[in-house]
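Both complexes below contain chain A, partnered by chain B and then by chain C.
So, the complex of A and B:
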């Protein structure tokens, strides 16, 4: 301040000063409103899970009500939740592992090697995302019934991998393209084989990116509904399990939301733990 | 230890020719310096030798074996990259260890060799840092240490000292020279610092626009340039150029006429003479002019004299500092003056 005055700069006018004072508050207000907007569904989910059915379906939304734990107790007592949870975990982890195992090396090759049809191949992978997934559902179903993959963890893992693979490849391709070529060249000069350069240099350097892609894949698989519903019967993942609470006659809102909350918790925890990697990975690129 | 032969190598990207028709034999144990302005193809030449860039045409031989199709890692070459090429996830220690680990050097030996290499480049205190936490000069030294920790066929160094401060650069220069004498490893070294080139090279390759202008010992490059480019590129302050016409041993410039040159060359020419070889003369001056500027560099006094429309720089005597605008006579050392063809810029040499 004193510098500005000594430098002969005019002190800011009154209105500018007020504007400057208000600015941080306006910014904060905007952020709060946005956060509220985003968090409201979660809030509603939480409160709903503590409501009686009458409160839950009351015509006028009820903000004040007598909270009960019955929904949670019912859900936990039935034990089904754990089964859904277990199935989802197996499928999501399997999908993540398989997608990365196939996708990361593919992405690396597409990013680094020039060969005939490189661009075509990359595009072709992407076309799997150009039709709505429903279009592929029937073929999947038929193949699964015939091959015995129907209603198996492996079947769901394969289906989810088929859907996520293109995204994994394209995201990872971007990460690898952003890595300076000199990294591998230096490794080659140091005496590494191409594979060693990939394994020992590129892969560790791209780790934040890989972590981010892994998290996205995991979340996708965890939340996937359509394929999990159609391609399995007894093996129910979390979203399919939740769907059970939607009956012909009525929707059991209390138990539905209570289960949703229970199954949301591990995901929240997961994202919370890995959010640094997620953010770092998604903003990766400036490796100097 | 190896001898390298480049035979008519070329590198083209589409229409653009980065390196043209380059032939060079680097003898075993030689320290060759590639010198030239930015973008002249030095790095490209290095990368072709290293095997990181395929040649468009021509052949590369290492110890008589054609290596055009040999992958980089089999050529056993250590390279210092212009942009360092460091691994972001490795500490300095891991960097230096990496080439040794790949060669399965036993762990006990590893420690000694790492600290020896780190000592040479003054990095002992940084062994546990990652590149992110190092300055440009320190990164450069990591790249250097990683190269010198093993004894390859050949060292390729792409401006390895460009980011060091003046003092460290001089000491690293001596260190590299010493290392070369000690190991005797054939070295190709890129720089655009001519002092570095002059002090370190057994031979210098002056390049321009992707082509070789001259290959020779530092003394020859400086004292016997093949063409005007080499003459002007080497030497600081740069060589003086005076345009004119040479005939019958007399050089006729716009302001003066200088006799006493070889009689068997003639034509439009550029007279090149280094500031060291111009002196102040009160009588029998070759050129007359007025003092335009006097620059004190610490060790020398540079006097810039305006002669007609041209400026001539000379290294003056510290004790006799001329005044600006003072009229002054100059004498040119005939034996040290070069003539270049005004059109082709090639050296015009007198038959002996």
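So, the complex of A and C:
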């Protein structure tokens, strides 16, 4: 836009002029089409959950219909959803707490201290994320069956922590690297121990970053499917419960979709409240 | 002699690193080594008493089996296609978003949804929408005058549909990273180029895109690693079918290990996957040099 404002030293080239003429509305159209593409499945899920069975399975999908709440009432009355919620909540909170407790100190040291093998250690932590899930699942499955961790909240928390820890370390490392070094240097000069510098100087400043990582870890654990499916049976988390609903193959679309919506509500709420932290976390710290 | 200060420092490092290290050793390295050991054995939960080490027989069987090469092919096609679509679409939309002035926070919020939403729930919705006779997608396709498709029922189409669903979920990931890169970028070279009469497209390819490379490299590596071991989408939408048309390595390993309970053979598949991933990501990540601490105490 700058040469237009300055009167232009040269006449703008043809392509620039065309670009400028078309740009705003084409750009806006493209952006909103993409938004529509992102939203449509969620919108469709919502409408299905408000439809009567006849409307849901009509060959000509109905965009206009009389919404009903029966599906929701039926699902909530059956009570199963509450159990899934409860399981997911326990597992996700446990995972978040354990991952942070272990991951934050590691990340701090990796970000702040130069020691032999620092880079290799960092890479090793990252490889734990590359491990194909089945490579971990099979031993987990065998050990869990024998040790009694199978089908327990603790078992799922440990498994989820194993998967999320690498992300926690790498994200937190990024946050720590962005913080100025001077305060800790000064504290060390004044005779503080390394641990005091970490605990009293750096940690309070890093709280927003820790919050972002905590939110992401929680969401990750909440959404995790494969380990929760294989390593538990009666203890069903939200995604597993949802999958089993689908597995029944009885096509009661209304109740299925209503359950899905109910189980999505906490996630949607989460996204609305914590969008800034989520963007940072989901993009691995690339966005400040 | 080590000075007390150095000893304190060392003790501090050990204490800080130990808990996570122990847990990761116990929960990822040990399972991995166990998997490695299994991969050399004929462990099967159907006949657990016949356990024996058969060394490379699993790998031999694997590399000779057309199933494995088919799964490898499907996995590679899926990964490349999905990441390519997501990269082009994500960078394109991010570039447009960078110059947008209206309703940007709303757009950003909407773009965040596919990433955050429980994948199983989203994929389940896709399954309803893609239903050949009752789904809304075929209805819309017919409205436009095109023939309805069996989206998940024909081999080539099923893989494309899976790529599209993966792109639905993950394009925003690349989009957000690219948007972050653009926001952190200095606009001056572009403005200078514009003064010289360069068109927007030329500016994008000659100035904007090269400056985004470091961000995109990280995004592509992480996305490729994840796409390579995609599970939810394929498991819920096609379960690897029709036939074996969308059976990726991960699904093959899952089937062999947790449905047929042939743990040894499944472990061999997982080991091959891991080696492939590590070679790929080592090559990339070393190059973009994200491992050195930037400042040190």
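What we mean here is this: the second predicted complex is superposed on the first by the 227 of 288 C-alpha atoms of A that agree within 3 Å, B and C clash if a C-alpha of one lies under 4 Å from a C-alpha of the other, contacts with A are read in each partner's own complex, and residues count from 1 in each chain.
Throughout what follows, contacts are C-beta pairs under 8 Å (C-beta built on N, C-alpha and C of every residue); 3 or more make two chains touch, one makes a residue touch a chain.
Values in this document were obtained by computation on a predicted structure and should not be read as measured data.
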Partner contacting more residues of chain A (chain B vs chain C): C
Which of chain B and chain C A:215 touches, first, second, both or neither: neither
Contacts of A:92 with chain B and chain C, given as first, second, both or neither: neither
First (chain B), second (chain C), both or neither touched by A:149: neither
Which of chain B and chain C A:189 touches, first, second, both or neither: first
First, second, both or neither for A:201, with chain B first and chain C second: first
Partner chain in contact with A:105 - chain B first, chain C second, else both or neither: second
Intersection of chain A interface sets (partners chain B, chain C): 185, 188, 193, 287
Partner chain A, residues of chain B touching it in the complex: 50, 52, 71-73, 76-79, 81, 83-89, 98-99, 102-103, 143, 146
Footprint of chain A on chain C - complex, ascending: 8-9, 12-13, 15-17, 19-21, 23-24, 27-32, 34-35, 38, 89, 92-93, 96-97, 99-100, 102, 107-122, 124-129, 133-136, 139, 168, 172-173, 176-177, 179-181, 183-184, 191, 194-202, 215, 218-219, 222, 225, 229, 231-232, 235-236, 249-250, 253-254, 257-258, 263, 266-267, 269-271, 273-274, 277-278, 281-282, 285, 291-297
Chain A - residues contacting chain B, complex: 180, 182-183, 185-193, 196, 200-201, 204-205, 207, 287
Contact footprint of chain C on chain A as seen in their complex: 2-3, 9-10, 12-13, 15-16, 19, 23, 27-28, 30-32, 34-35, 37-39, 41-42, 44-45, 48, 57, 59-61, 101-103, 105-106, 108-115, 118-119, 121-123, 125-143, 158-159, 161-162, 165-166, 169, 177, 181, 184-185, 188, 193-195, 197-198, 219, 222-223, 225-226, 230, 238-239, 242-243, 246, 253, 256-257, 260, 263-264, 267-268, 270-272, 275, 278-279, 282-284, 286-288
